[in-house]
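Each of the next two complexes has chain A plus one more chain, namely chain B in the first and chain C in the second.
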Partner chain A sequence: METNQLISGVRHRLIRSGEPTLTEFNKITTIEGLRSHLQVAIELEHSTIPPYLFALYSIRENTNDTSARAIKGVVMEEMLHMILACNILNAVGGTPAISHKEFIPEYPTYLPHSNKAFEVNLQKFSKPAIETFLKIEKPAGKDAPPQPDRYASIGQFYEAIVDGLKRLGAKGNIFTGKRSRQIRPEQFYGGGGGLIEVYDLATAEEAISEIVGQGEGIDGTIEDNNHQLFGEELEYAHYFRFNEIHEERYYKPTDTPKGGPTGDKFPVDWNQVHNIKENIKMKDFKKGTEEWDMMYRFNKCYCDMLRVIHQTVNGEREKLEQAVMMMYQLKYLAQGLMNVPMGNGLYAAPSFEYVV
Partner chain B sequence: MENKEYDVVIVGSGIAGSIVAKTLTQAGKQVLLLEAGLEAGMAFDSEGAYKNYQDYLRSYYMALAKVPNAPYPDIKDAESPNVLDMTQINGKPDTKGYFVQNGPLPFASDYARAAGGTTLHWLGTCLRMLPNDFKMRSKYGQAVDWPIDYEYLKPYYEMAEREIGVSSDVSEQIYPNMGNDFFGKDYVFPMYKIPQSYIDKSFIDGIKGLKVSLNGDVYTPECTSTPQGRNSTPNEKYRYAATVWNKTSQKLELKPFPKESDVYVPVGAIWDPYSGQRCEGNASCVPICPVQAKYNALKTLKSAKKEHLTLLSQAVATQIHIDTSNGNITGVSYKQYPHPDSKDYTTGTAKGKIYVLAANAIENAKILLASGACKTSDQVGRNLMDHTVLLTWGLMKDKVYPFRGPGSTTNIPTFRDGDFRKHHAAWISPIDNWGWGWPTGSPDTDLDHAVSTLNLYGKDLRTYIGDLLSRQLLLHFECEQLPEKTNRVTIDNKYLDNIGNYRPIINYNVADYSLKAFKASKTVSDQIFAGMGVQDYTNYPANEPDYTTYDGQGYVFRGAGHVVGTHCMGTTEKNSVVNRDQQAWDHKNLYLVGAGNMATLGTSNPTLTLAALSFAAAENILKALK
Partner chain C sequence: MDKTTAGLDAFLAISVPLTGYSKIALVATGMAQSYLDAVHRVIGTEMTDEYLTLTARILQQTGGKEPALDREIRQQLLASLKYGPLTRNIIQMWYWGAWLPLPPAWMAKYGKGIKGNENHFVSPEAYQQGLIWNAMGSHPEGSKQPGFASWSIAPLS
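On to the complex of A and B.
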């Protein structure tokens, strides 16, 4: 399967031009450029996880099953993409950095290196939240022509990586990373697709196909490429899964991206949601109070988890098990917060802030 | 439906029926599968499957007694036995539950009549039988030899271990008299072992080197990790992608992965392949795994070839029809109920070239008896077996923190085989991870006792509970029961269910061969407890349903949920119901599958063996259909 074909449909997430750290990205000509490009990829993949988790946690238990499972599926795929990007970076001798202060965006935020077309908030499950998610995952249509010398979409962004991999690879072996730094499928699970060990151009391209295909769908279809690559069940790309929630209606396999979903209706109960405070911060509470402690404990757990994942992708892959335990913990801590009243009918929520 | 003739009609969607359905449909055969359970349980779209399973979970959370069938619908039109219905039998039949229990002892196990069958609430232990288990007559002068041996079943065991997704490390699987080539050279399980619990580790440390004497012989009990049908970390050395029918060789074969880089992917929940890819330690495997990390037969049925499979649920098979001229089966009658508890039903007859009964040993026997089928041997319904489980429990010296992880992750295989089988039953001893839950109802009953009887509260209560619960140790001694003609299932017009189908009448007792094993295993338990400093709390009250005495001592045993026998395989049409091909001696186009075929029980939980047998049966059916 040709990578270029896969990327033709492309998801968006515009890359802002003139971003200082991105000067190398227009055309990747050095191994350092390639590595920093991949580091940005990791940050991009991570940046959507807090808003998706925030919305997911806000759905009351045992309600909105279909919506909750759709969002959960997408979050898990974003985690997979993040680890896939780490694998590619490790394969080319880089060192993924995912536990530093700047790694978690401050919400509201523009997506890292985007063109500031829209802001992303930490928002409870709601129509506006889903509309933001749709913007995040929107495939670039014909009305968004690629601009010269600029990366207009995540698809092009990854295309540039493939291009760089090929160009640099032609000059000599760039896959100098230790195989022992790769996260392998047996270590990673539940992540909505296949983890791919990367050690040469072919496996790197396979990993990128997985990332790009899940986001926007391939070849102008609403399906992602899981079932083609892995023989898995038909699953729709992120944009279309969010659009199903927005339209409260399933796609049919015969539906087209333009036409919208025409399948069965399913109920979305926008009221079965914890009324949690948008873009909440720790500073909304007095330090030393129990509420502040609860906020801190969630953030501490999230940051500790990032630290463990950082170790995992830096040569200690057996540590992934510990990170999984923390992911379970996060949910319980978030549920605790959502029972803390803040007045005016609002409740506390996880703030996803960097703490030590 | 009435007019269509299928290649094969299967009754029952448990693991046996599902394996046969999957294998046949993937080989291109047209299959109709009848399931007595509710339509909702048959949902395979992610929405429907998820909703239905959440309903099961809600029932489980709400249930006061978390017995194996607690999560699953109690349907009047296709009733399931329930362990809560078991009481002592005093002279007249106990008809309280679905079973009519004639005794003298109540049969203590249940099964689930629902899509997916009893794998919905099995524990998941996946031990192969030992070579000598197939030769009880020639080796130990007891019961019968099977018409097949371990070598015959070995390739099918590998297929079953792939299908179920067994997690285990071959190097740790050491059993008595297993021979040199029990697992083939370089064999590995699809996934690495499920981590052993903290209680296991403490127990293994404590028992190390301990010697126990039994019948004048000295044994050193060994512990081994238990192979389990629940998801764990894939073993990258495992190389099989699927079990496929090879038309040329007329055999089922394990097909290797196409690519070097392919690895085994654990099969997740039926509603979401990414849920349940690892056991999460929810510790409610029996009665229900909330994430479906534990195998159930719906996973197999879901991977059948849909274009070739017709599912008919809420359809209770009642009778098979026999062409008296040649003994061939001409159809299966069923009653289909529109609502689970109504007296209404419609009837139909399913037709195929070949018929397969896979409805559980007791239900299969019921259908055969109702049809007057397989009469030559007079063995239908007889030889009902179960593992009779003696429990012993006590408090460890140190805290071992039970109530975590799957029900059992370690066992003592030392007494699974040996010359003692000439005199008494063999047994396997799982080490339980769930404290005294089974015999005493811990932890709820402990709290109740502390508050109501000891009048504890506050810090004293917390200390008491913390100390008691965290030191609880429970051992099982799952003793082999031999086939007995008088342990049997019968039917009678006097005992019918809500839609006029027969209820199983059960005559059941435990012979001396097993009772001697109670005494022997209790001796072993006493020596282990004494050697490890375990404070013994075991007691066998005379008012328990399965209280029995041997040699002046009282014992209480429990059922293991291993419903075996009733249409055993054998060497002639005089001594058995099916031949070595699992084909009925009396009816050439009838195959019986499931644990009912097992001629003896051994000390393995029967599911893995019946799954292996089901692959063998599917192969035989494909050969016959050619």
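On to the complex of A and C.
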């Protein structure tokens, strides 16, 4: 696929519209440093998926359609971001590692490489859960300069990566990865947004602006970049989609981030939610019981899926179809768990733990 | 424990040997209460209670152990003119998610004045939650989709 220079150029300006917030401390100066940052990027994108899925699954069937659709849209884009980060890492000669024990955070957790300003829990669909999601997707603050290797927002973190790609690229070709390791758009059937094959600086920047633009919006607007660049149906960046749920009000196209949503009422029924246990673990059940087995079955399917995705991004890209099957399976297993009472008024839920 | 829960526990307890699925697998469908409600709705509270008292006694007398349990279910439930069709209906409800009409002979003898004995899905969810799909390693058509091109890959489990 030929890169559209114009689009890349426009996207480039969009993500760097503010003053640079990087300091000398967190500059990426070696190819190893770049690769390890990209590995963290993959972990970062992944770490948001279990909390989003946990909240999404907790919504009772056929209720809260608008909220469920919003969260589902975001979570599918996070999956896309994770694969985009894998593509960039593969492009610079790295090898994504996504099936080892440490890859899955233990919830509650801080976001990887964050400034530890807030914890992320596995929480049912609720106002506190949406508040956490808003913090995760918070646009980069100009007033919060990043500390050494600790970033105040996902945007700042990616800014450091773009900076590193440019600095290292200026010294020589860093895009040495095999093209056959790239996941291509045709493999990413039905996913959210556009998958980008990465093989040079322009495509790498394009991939990063897809990630940052969807997550945090373009400075000063509530829209994500798909809409502005391609005239797609209006779709708001993650932060603003979550804020509509939080404020129970739709944004109007003329609304600004500062002013908040002023459109029609956004219907939310906070009671139509399974009463599932927050940050549940397998050890909440006695080993050998049917309940424990079911918790295990979910985690086994989840870890098997990560193993298949690991193979997918390490040269066996045709395996993605198999991973997709497992994703559906996960949903049905999670829905089953949420019907299982724990005896204290609470119900079981997926725990997203590493098992073999 | 109130009566509804007691009825549900008894209903689940006999549903385990009747379906061959574990209690938690049945609970996980989220359909147990709806199926019990369907039984109540069609045959009435009195006959439902009578049926669940009998099934509880079978489970107790056999200690839930094979081969005694299998034998007693066959003799006291499946071979019974009164409880056989009912038992088969409960099994089919778990597998199909649908209530199948009790046979005319049964209706003539035990079902005077019964309403709602038509063939119907207990609810839209019941169609999705039928055990039959899991049993045959498939999925309910038009629902619970397994993913594009999944038909080209051998079943995962």
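One rule holds in what follows: the second predicted complex is superposed on the first by the 314 of 356 C-alpha atoms of A that agree within 3 Å, B and C clash if a C-alpha of one lies under 4 Å from a C-alpha of the other, contacts with A are read in each partner's own complex, and residues count from 1 in each chain.
Going forward, contacts are C-beta pairs under 8 Å (C-beta built on N, C-alpha and C of every residue); 3 or more make two chains touch, one makes a residue touch a chain.
Since the structure is predicted, the reported quantities are computational estimates derived from the model, not experimental observations.
After overlaying the two complexes on the shared chain, residue contacts for A:350 are found with neither chain B nor chain C. In the superposition on chain A, contact is made by A:326 with chain C only, not with chain B. Of the two partner chains, chain C is the only one that A:290 touches; chain B does not reach it. In the superposition on chain A, A:51 makes contact with neither chain B nor chain C. In the superposition on chain A, the residues of chain A touched by chain B in one structure and by chain C in the other are 189-190, 324, 328.
In the complex of the two chains, the chain B residues touching chain A come out as 46-47, 50-51, 54, 233-236, 261, 263, 265-266, 268, 271-275, 277-278, 280.
In the complex of the two chains, the chain C residues touching chain A come out as 22-25, 27-30, 125, 144-150, 152-153, 156. Those residues of chain A that touch chain B in the complex are listed here as 62, 65-66, 69, 73, 76, 184-187, 189-192, 194, 197, 203, 230, 232-233, 266, 324, 328.
The touching residues of chain A, counted against chain C in their complex, run 61, 189-190, 290-291, 293-294, 321-322, 324-329, 332, 335-337, 339-341.
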